[in-house]
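Labels for the chains are A, B, C and D, by order of writing; each one numbers its residues from 1.
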Amino acid sequence: MTARAIDPGALETTASKSKYQNELSMALVLVGIAIMFEILGWIFVGDSFLANQQRLSIIILQVSVIGILAVGVTQVIITGGIDLSSGSVVGLSAMVAASLAQSSTDPRALFPALTDLMPVWPILAGVLAGLVVGVINGGLLAKTNIPPFIATLGTMVCVRGIAKWYTLGQPIGLLTPEFSWIGRSFNVLGFPVPLPVLIFLFVALIFHVALGYTRYGKFTYAIGANPQAARVSGINIGSHLIKVYAIAGLLSGLAGVVTAARAASAQPTMGTAYELDAIAAAVIGGTSLAGGSGRILGTVIGTLILGVIMSGFTFLKIGSYYQEIMKGAIIVAAVVIDQYRRSRKDRV
Amino acid sequence: MTARAIDPGALETTASKSKYQNELSMALVLVGIAIMFEILGWIFVGDSFLANQQRLSIIILQVSVIGILAVGVTQVIITGGIDLSSGSVVGLSAMVAASLAQSSTDPRALFPALTDLMPVWPILAGVLAGLVVGVINGGLLAKTNIPPFIATLGTMVCVRGIAKWYTLGQPIGLLTPEFSWIGRSFNVLGFPVPLPVLIFLFVALIFHVALGYTRYGKFTYAIGANPQAARVSGINIGSHLIKVYAIAGLLSGLAGVVTAARAASAQPTMGTAYELDAIAAAVIGGTSLAGGSGRILGTVIGTLILGVIMSGFTFLKIGSYYQEIMKGAIIVAAVVIDQYRRSRKDRV
Amino acid sequence: GDIGVTIATSDSNLALLIQGIEAHAKELGQPVQVEIADGDVNKQLSQIQNFIAADVDAIIVNVIETSTSPTITKMAADAGIPLVYVNNTPRDVESLGDTAAFVGSDEYVAGTLQAEGVCKRLTARGVTGEAGVLILQGILANETAVLRSKAVHDVAARPECSFMKVIDEQSANWDPVKAQDLMTNWITAGYQPAAVISNNDEMAFGAINALKAVSWNMDEVEIAGIDAVHEALEYMKRGDLDVTVFQDVRAQGTSAVDMAISLAKGEKVESPHWIPYQLVTPENVEEYLAKY
Amino acid sequence: MTEPSIAAATRPTKITTDREGPALLSVRGIRKEFAGVVALNDVSFELRAGTVHALMGENGAGKSTLMKVISGIYRPDGGTILLNGREVELTTPLAALDLGIAMIHQELNLMAPMTVAENIWIRREPRNRLGLIDHAELNRRTAALFAELDIRIDPDRLVGDLSVANRQMVEIAKAVSYNSQVLIMDEPTSTLTEREVEHLFRIINTLRAKGTGIIYITHKMNELFEIADEVSVFRDGEHIATRASSDLTRDDVIRMMVGRDISQMFPKVPAEIGDVVLSVRNLTLRGVFDDISFDLRAGEILGVAGLVGAGRSNIAETIFGVTPATSGSMLVDGRHVVIDTPRTAMQQGMAFLTEDRKDTGCFLNLTIQENMQIAALQSGFHRNGFVEQRRLGQECQTLREALRVKTPSMEQKIVNLSGGNQQKALIGRWLLTKPRILILDEPTRGIDVGAKAEIHRMISSLAAEGLAVIMISSELPEILGMSDRVMTIRQGKLTGILDRAEADQIKIMELVAQ
């Protein structure tokens, strides 16, 4: 009925093209950073940054734990919340899992009767520990009116305390080889791919689908976009938040299990400050802290950007103080460049 | 002219009575926690928690640095933003200040030509360092479109790197007594009051007035309440944000100076994770992370709650792992109780 | 009354220190109150002030930053409360006065023992050409990390060990996972180290994990740590770890309690009181395992 | 059919002004494009001092966009703006305000956590000698302004606690307080009832007499002839014509807007009234409304009339479980039901279009598709948790066409739609749930005449199929045209239920006024 009837077909394609436009823009930033390291590599180290199979897999490996957390926290942020407890949960679930994964060669095992268990038990226990914390977070938000920042700050402090109390500050080592196997590499199409990387990508895939194609996902976005409207549309916000935080907790638990397996040991301080990196990965990847927007694909790219930055500096043999200074600057620059690209696109 | 015209006189009084109602509610929570420690003290330690002058001043002293940061971050949060860099700025400005406050008795002074300076120079330098970081934060937000979380996360990492790089990780000690004087106590009406406490309360007073009674304050609330409305009302959001973040940076710088003076030395890691405590103090005190609401008085009460919790557990001789566990729980409980009290009041 | 104890942070080594203090105090029937400062100088100062407010008999401090010790010494002296520093050397160790004391071990010695151990083993293996050494450092702001690393450099500068060349050194913040990532990055950067010398055991574990993940031949690389924690001894028995140094933190804790009680009674104590480090290698590992 | 106007008699007669006066504001060749949409194409028009210039056009015609360009919110892609004959650069809202251009926005633009006085005087607060804000003076000024405008709102109340209508009055007062030469009003009356409209017109007349040039956007035809001196009509981003309002008839305007005739305004299809589906018994929300009882039958449209603040929206919210009742009961199909959340209401087959599309309606940052489908997902369109996107997409597409939502794609964010089009999408959201009881709170708020007729036809034919409808409206013609029965509310009390035959303006006004 409008005078300027625009060919709907043509427009639909613009729309579907633009659906992943933000992610594409961020991916370009990722590639840009990688190329920068490649060039600097040839100039200063005389070596290629990217043409090294092993390095590529390490880039992902070293951020796979952050990535698993980030997948969880992305969902939380989409609801308009935040999860500060994920780093502490890594510590707790690493401890819990490790305590059930000790090998009987350790004469001082924490639970001497529970050594040499099949890895499924420690894995389950670790994940469950995370789930419990997540349910508490979600329950606090559903039943009371406190801000997510405070609820998860509280559990963050509390859970770290429990992790330390569990063994009175002692680390747990000497885990069974079956358990530490989770941290090892496998051959995928001739490439050695570490299992943590596969776990991360698998988790990302699942929640990419869950957010984009299920009711769970649609409700998650709706709550973040406008909680009042969501309620009037019939969504039970409380019970949905419990689900979202439970999933985030569960994933943090999984991250803890992976951490313990990789290190073949657990310390109660494991995962300290990981929550910030995870949140950063999500936000770099385009998730808005205001809630209602964000996608797992973006978070994966954000995670990879962190990974490339970390590996790149070590590769360039830059002193650690400079590394820190530049890491901060690059995080900001990545997002600034991305925003700039997008706003230019808007104008066209 | 509305159908339910209510006697305007009655409304006036309700409004003015309720102006500090939230703060009152939180103050009651603070008193409640203190009384709880008092009672537990008599039962388990056989001693009074509150009737100890020294302890009362320590309660505030130990959180005065957090408190100074919290005054700054409260303003940032009211604009709808966040400042993660404040803890790192404490580290940097402590280092900068200390480097200009060394006494000539140190044969290894960082700037041998600049020893035994009058304290005004290190103080200015430290505060200025904070101001610069604040202006960078604000400038990033004004000129680009990146989220405050990312901008200040970037400076947080970067500034910490600079603090370490400044002396290649070395601490700075042997400061002049004139400088460390800032960390000492003074007699106020017969009570020994530490100067950091006075600085904190003075800063709080200034910004209580600035937020409540100046255009600076009104703009700050307006931007956080509805940036779109603020913009169409003619407020230059960019330039105002620069001011707010600059002030937050300046206060972080001041907090760094106080920290260095208290310890009579500076380490680049000083202030690590203080930003979280500062944000917690603000949020416990009723500042909403959604922006547009919050008051310095509330933040002062929030800060004191943190102080009482910290001292209380030590006083009760509770093991440090339990302390951590309970600290998390009490932070949550304090806010839950407060919310509950408020919602009951609403209903009446 | 009580003895107030403040410990720099919570890590496995310091947890043993706490155990040493608590166990010995219990034996003596001496009440202690242990606080952990989480690496925060401000917090440590506040804990000490809280102890002073509670009027404890003595204070034991595992100082976070050696440079803050003059402030702490003065605070305790002003309040007339005896003070014992433990483990980390205070900056004013030479001028603590009569009511304060220090017990600990010399970090530089730890690094020296460790590096000498590596040097000896490499020599014994007949390595003569250039032997690349990677150093995994702790938190660089800690004097502990700085002194231990410096000692490694100094040993490598000795004529008999001059074949050891430090090819890179970076901080992994005492964190095994960070160490693991760092080591992996080093491997992909093409380093072929003859030795990886770590400021503590836990980071050495990270290096071992990284090397094993790429099936490195562990016989061709010397891995050295410090602390001789229980797990380290197990790693050593398996042939993964080659050198570590036993830091007798429990003994430090025991002595700290004894010294605090003596000071509180007004007695004089010997300060600084050094608890010696001991080199641990596969040859004598069983002896240390027996301690656990 | 002429639109009845109850208040016309009491309104001051229109002040005629010199049509040939010099242009206060002229807009030349303005162009504005958004990704994929040309919102304004070579638009020119002139505003004379001391006149009211109405802008008319279908939803999405570009009216608000043009106003945002004039008030410095959007930068045009081309064209010039002249104020008093001089070209001006309107780069920021501040620049526009400084030049004497103020605007009342279509969507409320207030700072909810701040007081009424703070909202009005932001950036212009009175200060004392110390440079501190003089709150007493602030309230005094507000009181003076309110006295002048005859508005009665406590200056110290938080805006967030005001009803939508009162917020709108605050917006109006704020815009007036700038004493600007040009005052833009973008659908100021869409949330007001007749009384406030009348009140607003008094204000407008005063301003016009003072020489202020007023741009007035509305979808309400009768207002046009009461208040406007000139009318400009827009269609699809283009300026179609400008005429003196006295030279125009209602049908002329519609023809220019829509490009065709619209004959029937309220095509109420007589429907067969069936059984009682909803019985409300003594429903009370303490302090807000008391003792509301009525029956609603299948096929019936129950109009709800009342003054602003009478509590109509509150009653609807309680029926739908948004704010559970403090006492009273409800029966659906004769069975007692407990409705304490919107979810439970939806399980009883209810649907509820809220009054405030920004606060409780739209998910502004989500797409139109997502906005429309969200409620339907509660009851269907999913298999094992997976959304049946294809089927849902098709249904949404059908509704979008039926409701004439003007958008290039369903994947657009709803925030990019014009206000009226957002409203249509929200109606679509609830129709998609296939409700048995549909509660509509100001359903055609901000909707253009053409689409309004369409929506009325749709509601009417759904009722004919057995849907029971509760329709709250502040537009009496809509109430009278659409309702089978009219329920009147005054100060939280039910004052009467009139049959279609006995309902007329006078009776209704008697029942709603105190």
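The rule is simple: contacts are C-beta pairs under 8 Å (C-beta built on N, C-alpha and C of every residue); 3 or more make two chains touch, one makes a residue touch a chain.
Chain by chain, the UniProt names read as follows: A, B = Sugar ABC transporter permease; D = Ribose/galactose/methyl galactoside import ATP-binding protein.
Keep in mind the model is a prediction, meaning the values are calculated, not measured.
Of all chain pairs, the one linked by the largest number of contacting C-beta pairs is A-B.
For this pair, subunit B with subunit C, the centres built from the Cα atoms lie 35 Å apart. Remark: subunit A and subunit B have CA centroids separated by 30 Å (rounded to whole angstrom). Rounded to a whole number, the gap between the C-alpha centres of subunit A and subunit C is 33 angstrom.
Here the spacing of subunit C and subunit D, counted between their Cα centres, is 72 Å. The residues of subunit A that reach two or more other chains are 164, 168-169, 288, listed in rising order. The set of subunit C residues that touch two or more partner chains comprises 10, 140. Shown for subunit D are the residues that touch two or more other chains, of which there are none. Under the contact rule defined at the top, the touching pairs of chains are A-B, A-C, A-D, B-C, B-D. Against subunit C, in their complex, subunit B makes its touches with residues 47, 52, 54-55, 58, 61-62, 65, 164, 168-174, 180, 259, 262-270, 272-273, 310-311, 314-315, 317, 319-320, 323. Within the complex, the subunit D residues that touch subunit A are 35-36, 38, 60, 235-237, 259, 320, 322, 341-343, 345-346, 352, 354, 359-366, 370, 373-375, 377-378, 382, 385-387, 389, 404, 406, 408-412, 429.
Within the complex, the subunit B residues that touch subunit A are 84, 140, 144-147, 149-151, 153-162, 164-165, 168-169, 273, 276, 279-280, 283-284, 288-289, 321-329, 331-332, 335-336, 339-340, 343. Listed in rising order, the residues of subunit B touching subunit D in the complex are 1-5, 8, 11-12, 15-16, 209, 213-215, 217-219, 221-222, 225-226, 228-236, 292-293.
If you check the complex, the residues on subunit D that touch subunit B are 71, 73, 92-94, 97-98, 103, 105, 109-114, 118, 122-123, 125, 127, 131-133, 135, 150-154, 156-157, 163, 165-166, 195-196, 199, 306-311, 490-492, 514.
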